[in-house]
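In the two complexes below, chain A is the common chain; its partner is chain B in one and chain C in the other.
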Partner chain A sequence: MWKTVPFVTKSISSSSILLAASSLIQQQIRTTYILKRKFPPQLHKKGSPPKKLRSRHYIYDLVEDTNTKKQEDIDVILTTFVEGLGNSGEKIKVKPQFAYNSLLLPGLAVYACPENLEKYKDTLCNKESVEYSSPNALPTIKTLSRITLSVVMNKDHPWVLKPWHVKTSFRKSGYVVPDDAITLPEKPITGPDMGLENKEFYVTVTINNKEKVNVRCRLHHWSTDIIDRIPYTPYFWEEDTEPIYPEFKEVLETLPKKVTKSVNKN
Partner chain B sequence: MASNAVQSVKKLGVFERKGLFDKGVGALLPEAYKKFYKEWKLTEPTAVHYIPEVGKWKRDDLTGEAVPIQNIPLPLLYPKEHNRQLWGGEAVIQGFQLRDKHRRRVPHFWFPVLKRSVVYSEVLNKFFSVIVTDRTIQLINANYGFDHYILKTPACDLKSLLALGLKRKILKELEAGCPSYKDDPVIQSQLAEKYNKYLEAYTSDEIDWYGFSFTEACNRIKKQMEEGQQKIAFKHMYRAELIDKLRAAKLEEAMGQSLKSNESGLDPTWLRKMIPFSKKKET
Partner chain C sequence: MSLLSNKLFQLNQLIAPQKLLTRIVPIVNTLQERNYAARKGTRERKKKAKVKVEIKKVGFIAHNLRGREQMLAARASKKFSDTWKADPIDNVYPMKYYKWIVYPFSEAIKAHRETHHPEIYNKPDAELYATVELNMQAEKKNRFMENFTRIAAVPHKFDHGEDRNILVFAKSEESQNEAREAGAQYVGGPELVKQIQTGQLSLYDFQYFIAHPDILPELVQLRGVMKRRFPNVKSGTLETDLKSVIDRYLRGISYQAVKDEYEKDFGQINAVLGHLNMNDTHLEENFAAFINDVYTQKPKRDGSFIYRCYLWSPPSSEKLKIDHEMYLDAAEEPKEEKQKIVQTVVL
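Moving on, here comes the complex of A and B:
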């Protein structure tokens, strides 16, 4: 089939770096059907062309279909901060399809080749360029600023709102927030006061001692006595209400409102 | 030497069929194109669809008999559509499946899985929407970029005319010093540092003739030759010849004539009568 192979390959390898420059490709890549002859063809004499293939030499067995095989993750270096992945200059391991389509083509990352590793070495050490404390900081900020936290307080006994109350409310809605990360507004909120029922205020959550995010909260009262309990309003976050103190209005207006997607009111 | 002599003796008296480059327009093609053609068509491509055995000999497990290893590649098919796509060395395989020992063999085609994706060439500073295979993308990733992949891979593995044409364009762009980044000399120098190692393998003429199919190359050389020749109307040629002959005969009238037709000393009205379709026609 390849009569001039020895001659041609010799001439090419001696004259060009094409075949020699395979140092970057460490191993053979196969992403296709790999077949094997069921009946191997007859041996041919040394130096003579291979013997003619018969029909039986075209019967193949499938060795492997590499299209369905899991591909190995590849290393890329980020050139900007990417939400959920990392800061610029960080080397990350991601799935090859995702890396190619979502990072490399839009220019958010470059290949982790030796030249690029050298080039982006200083970017990571330089702390000034680090924008967020962790890759998940921005997603956390986005989520927390979107929710309306229901803070449920006692209807029968007097209380002053403390960070641990808010922490419990966070835990009930699925967020684990430490006490020291929660900052309450300066003006104390005390109760029980039915005038504050279903009114809004905000708390500030500090993420990794760095990023600060305001969270919209709504005060509710609850009693152990079943008769005294206020009936629960479904979708309370969709109803408009007032802030507890007028000073809160300014901050609350900057926060986005939670929208329930699946509710069909009609 | 001895083997050469044996070869030439074997060839004695054997009619040698004329090859592609021995006859017709093919004979006119330059050495640069022939070199590319050898790299493209006559070099064995990387084994993609089978795993070649390594070594020269292997031993039979049971008998211990030594048998030579001869890797005979699977015959591959390349439909004409593949010339507009990047298959990364994959191909269509026509063959049979033997699904059961007692059943007749069943014809089967193994096709590569194609999908549309985007490739980005840093040198050309362009995005291309092309049909590729998973293998192409993997090769691009393994080579750290499309340009490296195209420039590093020999023509026998690129195979398609699209890939080869892109390779020629990239090489030409590198040779010209990346004019697409005219405004940014920093990037130009970076690209030169990164990719100029690939230029060493080619001469300027070889780059010019890289990546054409045989038909395209023939048409190209024909066109080049036609452009090189100047067309002279026969009447001017014959007229000059006639005047030469007359001068040789030393006719007095001819001595005063110039060889060029437009500077002829003849009366213009007389000449106009002789040329029937001239544009200016006096009544």
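Moving on, here comes the complex of A and C:
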């Protein structure tokens, strides 16, 4: 087959239609295969014409298929704030397919070419244009606003709710929230009070001293003695309840309710 | 010479060669014609060979073992690694999207004390547990360590709440008294060996057997009865310094490394280090003694032995990771890639 290639190309070059490609849509496709001859042809004699290639000389080993090669990450400059990635004007490194489909096509970013770098260099320096304190602030706000935090307090020992109680509850549920980021409602919550059991209140969490988010909390009483302990209610966040104080109602109504993803409830 | 060629030879003499060819060829053809089976039963035999399909007998598989292979394939590895996760950049974040926080020991205890505060769980004297995850691969790649049970000596004693019955064998009066002073309830010499042989004393009433080397000649008679529990130097039960051995067996941390049922190179140890109301440094020293005792079991191979360590304390479900490598005495030179302690922990 390979031996016929020169003849075929000769016939193509004679018919000019195929080569006059100016009217066709030209799209770049990458089909480079790097090959190596399995049986390299021998050197020819000095001054004599090159030796004829035999069929075995057209057998190749594949060295590299550039189509399946992993492409390197590319730099793009964000033109707006993108959740989890960064603020506008920030140069980030992302996978090329993700960059093309999710950032460049929707117009959220531009290629980090020298012209664009020059064009967007002032955007980041301008601190006023920074929407969020960090790229992950918005996802954290979203997560915190839809949870129902269970705050477990003692049933026998007197207490007044303090930020460190809420911080501990956050840590138990898998959220890092420092003491100084928690603002409790002004009206103090004291206990133990079984009238407050399974009732709701809210706390305000400040992320990076900038973004504020209200978090729905539910108070539960816990006794060390297993006989006095109130049994755990599965999916307690799905049951409707009242706020601890009527003043909380306004804020609590604005917060979305936690939705259970799993269907199988037993 | 065959019959045919013999005849040819005769013909050759009578007839000219050109004539011979035309005449002989038909004779040869008729000889090869054959309209019977090559050998009796050949066709039948070949038919039989084709039809034969082996039906494998599948024995009874219990309902809980069906689909075991699929289960194993879908089962997540217990070997922990969060290196692919990012470091947190904010002061507020959900933990599951980031690397585990590595707490300094005292900070971890402080966090546990918060959850066990009288205003929350009201259990300030709760037990502090440490879980150690082990790489149970032995010297060779497809060999695995056995489960092991040990008792680690700790510098700061606490009430572990276990009943540990010890039987001490010693010949001289002196060492017997030493053992009694150390707190052993049952101490005896050669007469104890006889009592066991006659059946007056049951070995099943005791968990651990400790012996002084001077009684060894008499004690050898019990080797067959005691089997693996026979005092030996390797497990530290045959020593001249009875006091420290008894002390370790009565008041040390007892722990067991258990291999995973399916993942044979993964083992886990759960041990009590003390109580939350103990001094911070005392708990830390207990942990250091315990982790070094575990590390003595490391097989002679390259690579890490301990994957990770975390502290927990029931009834809270929190697990707080700590850096075990800074407590190892015999550890190799610290690697450059060693995980840094996250200093952002604010308590």
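Just so it is clear, the second predicted complex is superposed on the first by the 211 of 266 C-alpha atoms of A that agree within 3 Å, B and C clash if a C-alpha of one lies under 4 Å from a C-alpha of the other, contacts with A are read in each partner's own complex, and residues count from 1 in each chain.
Definition applied: contacts are C-beta pairs under 8 Å (C-beta built on N, C-alpha and C of every residue); 3 or more make two chains touch, one makes a residue touch a chain.
This one's a predicted model, so the numbers in the text were calculated from it and none came from an experiment.
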Please work out whether A:N136 is in contact with chain B alone, chain C alone, both, or neither, and reply first, second, both or neither.
second
First, second, both or neither for A:Y33, with chain B first and chain C second
first
Return first, second, both or neither, reflecting whether A:R171 touches chain B, chain C, both chains, or no partner chain.
second
A:N154 in the overlay: touching chain B, chain C, both, or neither? Say first, second, both or neither.
second
Looking at the overlay, does A:D179 come into contact with chain B only (first), chain C only (second), both, or neither?
second
Can A:I230 be said to touch chain B (first), chain C (second), both, or neither?
neither
Chain touching more of chain A, residue-wise (chain B, chain C):
B
Going through chain A, the residues touched by chain B and also by chain C turn out to be none
Of chain A, residues touching chain B in the complex
1-5, 8-9, 11-12, 15-19, 21-22, 24-26, 28-38, 41, 43-44, 46, 50, 53, 55, 58-61, 63, 67, 71, 74, 96-97, 99-101, 105, 111, 113, 115-116
Interfacial residue positions of chain C with respect to chain A in the complex
88-96, 101, 111, 114-115, 118-123, 316-318, 346
Which bits of chain A are touching chain C when the two form their complex?
133-137, 140, 143-144, 152-154, 156-157, 159, 164-165, 168, 171-172, 174-181, 205-208, 222, 224
Can you name the residues of chain B that touch chain A in the complex?
35, 38-39, 42-44, 46, 48-51, 67-68, 70, 72-75, 90, 93-98, 105, 108, 110, 112-113, 117-118, 120, 127, 133-135, 137-145, 148, 152-154, 194, 197-198, 200-202
